[in-house]
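Everything below concerns the one structure shown next.
Naming follows writing order (A, B and C), and every chain is counted from residue 1.
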Amino acid sequence: MNAEIDFGEWLSRVRRERPLVHGIFGPVVAGRVADALLAVGASPVMARAPEEVADVARGAGAVTLSLGMLDAQSLAAMLAAGQAAGGAGVPVVFDPVGVGATAYRAEAAARLAAQLRLAVLRGNRGEIGWMLGTGGRVRGVDAVTGGAGLEAAMQAWARSRASVVVATGAVDLVADGTRVLRLGNGDPVLAAVAGTGCQLTALIGAWIAVAGPRPALARVAEAAAAAITSFNVAAELAREVARGPGSFPAALLDALWDLTGERVARRARVEILQV
Amino acid sequence: MNAEIDFGEWLSRVRRERPLVHGIFGPVVAGRVADALLAVGASPVMARAPEEVADVARGAGAVTLSLGMLDAQSLAAMLAAGQAAGGAGVPVVFDPVGVGATAYRAEAAARLAAQLRLAVLRGNRGEIGWMLGTGGRVRGVDAVTGGAGLEAAMQAWARSRASVVVATGAVDLVADGTRVLRLGNGDPVLAAVAGTGCQLTALIGAWIAVAGPRPALARVAEAAAAAITSFNVAAELAREVARGPGSFPAALLDALWDLTGERVARRARVEILQV
Amino acid sequence: MNAEIDFGEWLSRVRRERPLVHGIFGPVVAGRVADALLAVGASPVMARAPEEVADVARGAGAVTLSLGMLDAQSLAAMLAAGQAAGGAGVPVVFDPVGVGATAYRAEAAARLAAQLRLAVLRGNRGEIGWMLGTGGRVRGVDAVTGGAGLEAAMQAWARSRASVVVATGAVDLVADGTRVLRLGNGDPVLAAVAGTGCQLTALIGAWIAVAGPRPALARVAEAAAAAITSFNVAAELAREVARGPGSFPAALLDALWDLTGERVARRARVEILQV
């Protein structure tokens, strides 16, 4: 099934078009996210002042939002950036980090999901399960479980919201309402490094930014699957040279930097289900 | 005297229990702190919004607070998190980074120390000397001196406040009102890397979080000493593979990741004084 | 012409005097900036609370300000720190990151330039071109072009403002109103790593901090040129051991850490023009 996704073509597009990706991420991980975007050839802008986020968002190729280090200012910034993006046809990727851990975080996530037109909702299985009401549980920012019926709930959400849903875990799921893609790459060390989930969210934004004007849901899902698989294959390659979670982040960026479509295709584990 | 502390047992507990450590650190170092917690197997949550910190703190195994990049919001967040932790029996570790450098920082530290029930006060010798009135001097965020009579002042504070006090330096001091532990591990390169002091503060929180319910002061002091010695031995091991302060942080995380109690015990330099 | 700048003497001064450099940088890059200052032997203080920045600035050897992650609080902090520095004779280096990308950023940069007495204005060619009205263009935070007549405009600004102007790019330009220094070191990978421009801004501050009391413009220009060339030679040395933009930042800090004046002089490409 891998033949359906031309990983090299996606990588080439990102490197050639150098999409501007506007990211609103917590300060814990924002530097790491910017580095990941630079490593694939994209151009990060991490503006977060309410006074300028709308201007930045309208000029971006994608807007990527994360609850990471949520506070009143970042929430206002995410709403303003997301609404400006929606009005300008710029795709929005939303990552409800740690949703369900506190009431404040739950309300913020619900508000963003209600008020924004999302191209992609991306979280770990616990976060997505929580957002979709299947009983996801999180502990801190780690998923415990996504609950039963996660794939069906993802498809229902995708259809009713006309949005792709991504739930990452040992197997990553991408749902577009018609198909579910199951992606099997990655390495457990990703969970021992702060910000890898946010890096992935930003890269999904970069891939969607080069998917062409007003891409159909299936095309957005393919972009997300290509980004996820590329990122996870880079993680596998990095794991071969890293000694642990300390040396891993640098090795991951190095691997993203000289990743080739061939290298991704050779390792890619993609299963596409018509549901 | 090392036989009194079972470093391996402490490490195993942290890795098995994966304590949730709530940290409020400045954005300069927050990512590095989160990485250190992940590298030892703990679970970091860096929430700082006044609206949610109390919820997060009550559910955590330890709350760790740093003046690092102090501002009005982070001060309010630290007070709210610390008070919620106190009410729920969650231990609080406070790191008065750069105290004494400005009046604002001095007032904030005094307020936090007055209003919170601290399990551990941890700083470098200059910061602790300043807090305890022995004439500590700081320059920027670096200790110049802790002043004379530091150990006696630490013991007096520990007794009057029922709190462990840690003053780090070439020799690290841990006082619990009865004993003073002098810890001799570490490497000078730690001072050439931003955030290593904050990493240590957070790890002390992780170790205390697995010390059992309502631990006695002597037990808290042992946890702190075990955390400090483990961190400093990891620093020594990292120094052997790092080429300088650039490659050191990754090597430190790698060393924490595969640290063993045996490796710590073999190098540990711990002197315990009944005072 | 390299003989005119004694790179080793500048490096020795920084390492001996350990200047306190006050930096107000966005959280995306602040940790990386602090690490760079530590690696050359300077002492970073990243305070940003309006309540204390004036105190910190007055006691610093240099104040370095960046629009990086601009918001109302950081703008107020930069104005307060810059004005306190001006009153105390502490040199100020200002980096108008991403100026021109949004109206908010343009207004903030104009306000800072109007209200502060700058020792150095430093940006990439796009940012400096925008500030000086030669038609600089930026995309995100990347320069597209500095426009025509950039060197002449830099000289005019330097004379009218009694301030050094630095425009970085493939060739870095330093103008002091009398001379233009063209600096040819560096490596393209610097553009693939977040925060390297801000690191350079901070190092220029450290070099100026050891230039002696109330240095003349030509002396400030020499300090800036020495800092830039040292940083860029370290980048060249780092590039020889790094595998990509992931491993590069650590290698850069390692190279700064054990840089020698001889190593800088051997590689330095400095052209000095009387204009």
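Heads up, the rule we're going with is that contacts are C-beta pairs under 8 Å (C-beta built on N, C-alpha and C of every residue); 3 or more make two chains touch, one makes a residue touch a chain.
Predicted model only: the values in this text are computed from it and were never measured.
Two copies of one chain, chain B and chain C, touch each other, and the residues they use overlap weakly: the shared fraction of interface numbers falls below half. Chains compared, chain A against chain B: the Cα-based superposition rotates one onto the other by 120 degrees, nearest 5.
Between the Cα centres of chain B and chain C there is a gap of 34 Å.
Multi-chain contact residues of chain C, defined as those touching 2 or more other chains: 27, 31, 249-250. Of all the residues in chain A, the ones that touch chain C in their complex are 20, 27, 30-31, 34-35, 38-39, 43-52, 55-56, 59, 73, 249-258. For chain B in complex with chain C, the residues that touch the partner chain are 26-29, 31-32, 69-72, 98, 101-105, 139-142, 191-195, 242-247, 249-250.
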